[in-house]
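Everything on this sheet refers to the single structure shown next.
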Amino acid sequence: MVIPDFVLNAPLAMQVTPADWPGGYWWHWLFFTIIIIAFVLIMVMGVIYIERRGMGRMQSRLGPNRTGPFGLLQPVADAIKVLLKENIVPATADKVVHWLAPIIAFSPVLMIFAVIPFQNGALLADLNIGILYIIAVSSVATVGVFMAGWGSSNKYSLLGAMRNVAAIVSYEIPLALTIVGVIIFSGSLSMNQIVVAQDIPYILVQPLGFLLFFIAASAEINRSPFDLMEADSELTAGFHTEYSGMKFAMFYLVEYAEAIAMSAIITTLFLSGWRGPFLPPWLWFLIKTLVVFFVMVWTRTTLPRVRIDQLMALAWKFLFPLALVNLFITAIEVIFWPDISQWIFVGVNIVIAALLVILWSKLFKIGWGRLEV
Amino acid sequence: MGLEFAFWIMAVVMVGAAFAVLYLRNVFHAALALVLCFIAVAGIYVTLSADFLAAVQILVYVGAISVLIILGVMMTREVQKGNPVNKMRLPAAIVAVVLLGILVYVVTSTPWGISTQDPLTPTTMPLATKLFSENGFILPVEIGAVLLLAAILGAIVIIREKKK
Amino acid sequence: MSIGLTHYLVLSAVLFCIGLYGALTRRNAVIILMCIELMLNAVNISLIAFSSYIVPQLLTGQVFAIFVMVVAAAEIAVGLAVVLAIFRHFSGIDTNDINLLKW
Amino acid sequence: MKFENYGIGIIKGMAVTISHLFRHPTVSQFPEQRLNISRRSRGNELVWSREKCTGCATCAKACPQGAIEIVTSTNLKENKYEVEKYKVDTGYCIQCGLCVEACPYDALFMGYSYERAKYRRNDLIQADDELLESPERPVSGYFHPEIAEKLPKQTLLVEKVTEKRKQE
């Protein structure tokens, strides 16, 4: 593999900028910071609208359609409402922790976007450890959630936080293992390099990996059907029960920003990122991200929430072994047949994925009574 | 200049957080201070151009170890009892200070053979070659894997409740 | 004065001594575990500093640091298991109360 | 060897939800589109007829909540009771319709109207002329089949939607 010159010559890996960027490092940094923040905020509003309308239509409702044309201003109205609300802190709360928790939960999500390529080379920092950086940074959000649960001094919050930690720690393993499959094929940890290496979208080369990654990612970001850390019907709202006003808005923002971040990561890793014919690259990226998010909404509408023991069983008995098998198969393919066309792997891997899923479902039945954790 | 600035910030945050681990009354707050200390250590790694290790540090220490410690704090329910000290305070302080003095003396008086080369910056590939190649560290890696497996099994055996 | 190897080593020594002092004096077993983690981190800092100042092209120190992390992960798993077992047995984790092996 | 539980149920469910996405939603936009409610609706108000009422107070006796208060005086000239006050606390009313069934002179009806919420609890207490029939307070067909025949037939949302889907 050839490492580009500008990566080798940079004094620090953090300062990698495209060689032809005008105005130097700081302008680049400022520009992309503004772009990322604007992107996250606007996309959050957009996806909240998409989620509510899409879910409404799938449930034979209309969804919000009163505020503005087609209800487009509903997220704005909600944001204004929630910002103007009173900020209530419980009397026995751990005040500092309670106050810091939303910030600590929010900042990693913004930091994830630093390494996501919007188009070729258009990213804040083309780290050569990009995807590892994402896994590392997103694990910090756990601490924020735990602080929220602890700081509220409310048993429902604490239970939600505990569930969240258990889920995230378990699901990080299959998540990382499936990512390794992608890395083996692309030969680089850098997000931009991964996209560049994807002549065939990896969803075809790694169908099992995509499936496992999607499941693990939805569990990681607390999307339904794995949203039992904020299960409204059991835990009122999980870790953010005691939050209101601006701080609640932060948690709401985190939830959707994480969903967007995961959609963007899936787009980059499995759907060949910004690559695509005819349209400009950034538009392809946007379209693919929204499509992935729509699939998340779709699964949310369809599937009922799982129990906590089922959640753990799914992670350890289904996703983890399959991720290992997937990694093993991928490694064998890359080592023994490095030169043949990847289209052969596409067919072989799809067949293997179907066989493995069917076989494992025979061995592992989730609805088979109560499973011991 | 930027590097020095970053180093001093990280150093101050790190030492402050380490003292907070010692002196905070609430054990949960101490665990959070430990997380801050780990993040500062990751920052130090970045200034040493060990970016891969910085990411691994955050992933392993912040993502896994500190979460385990926080879970341990929760499960042992000793949060409100504070952070008491035992009778060894003075001897331990003397030992620590003397050790620090010796270490600082040794570090400052040794002529280090500092290399003039720039450190390798994309460390991922060389590290992988180092770890997994034939004349690299493949045997320690396997031993480490066995160690982790043994640790998991040992932890499960220790913690399991005996069924009557 | 630019930052050199000495700075990192002194920093590592300071962190190590803080961890040592805490591990020797605290009575809460979880805090003791945290202090041991601090000491391991201090060692990691010095290893990586050596690696990038003395053999910048070899990365040996970074490899050692990775092994230290592996050991730390194993240590924290077993250590917490021991702490929880102690907590079940003594219904407390004050190390002054745990004197089974003392005499 | 049978292979089940391998996700075919999930796929079927996903197909159902995605097919719902392209169907006409089963809703009506309430303030603009109103559906006719049931002809025998026991709405949230009582409608009282001063002409037919003889002041016998059977309704007040029948009311399980004691929500009806009726004060009468004797009119010796015309040899009948004069209703001085007829007061219903609709806050207490449980819409059971027993008063309507009990009235021997068909002077009491359930209301057909809705959207009659009030801002203050005191406004819920309605008396005398407030209880009379008016365009805002039509009479429901409950216990009165002859009235029910004149009312429009109830529109069901399902019928409307299937009609619309047929047109599409």
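Descriptive notes on the structure:
Just so it is clear, A, B, C and D label the chains in written order, and each chain counts residues from 1 on its own.
Please note the rule applied: contacts are C-beta pairs under 8 Å (C-beta built on N, C-alpha and C of every residue); 3 or more make two chains touch, one makes a residue touch a chain.
From a predicted model like this one, the values you see are computed outputs, not experimental measurements.
In terms of the stated touch criterion, the partners common to chain B and chain D are A, listed by label. Located most centrally within the structure is A, per distance between chain CA means and the overall CA mean.
Here the CA centre of chain B is 6 Å from the CA centre of chain C. A separation of 28 Å divides the Cα centre of chain A from that of chain B. Inter-chain spacing, taken between the CA centroids of chain A and chain C, is 33 Å. Mean C-alpha position of chain A lies 50 Å from that of chain D.
Of all residues in chain D, none touches two or more other chains.
A linear topology is adopted by the chain contact network, the touching chains following one after another without closure. By the definition of touch given earlier, these chain pairs are in contact: A-B, A-D, B-C. Partner chain A is touched in their complex by these residues of chain D: 1, 3-7, 10, 13-14, 16-18, 20-21, 23, 25-27, 29. Looking at the complex, you find that chain B touches chain C at residues 3-4, 7, 11, 14-15, 18-19, 21-22, 27, 30-31, 34, 37-38, 41, 44-45, 47-50, 52-53, 56-57, 60-61, 64-65, 68-69, 71-73, 75-76, 78, 81, 83-86, 88-89, 91-93, 95-97, 99-100, 103-104, 107-108, 112-115, 117-120, 123, 126-127, 130-131, 137, 140, 144, 147-148, 150-152, 154-156, 158-159. Residues 3, 26, 28-29, 32, 35, 39, 46, 49, 51-52, 55-56, 58-59, 62-64, 66-67, 70-71, 74, 118, 121-122, 124-125 of chain B are the ones touching chain A in the complex. Contact residues on chain C toward chain B in their complex (touch as defined above): 2-11, 13-22, 24-31, 33-35, 37-38, 41, 44-45, 48-49, 51-60, 62-63, 65-67, 69-78, 80-85, 87, 92-96.
Interface residues of chain A, counted against chain D in their complex, comprise 54, 56-62, 298-299, 301-303, 357-358, 361-362, 365-367.
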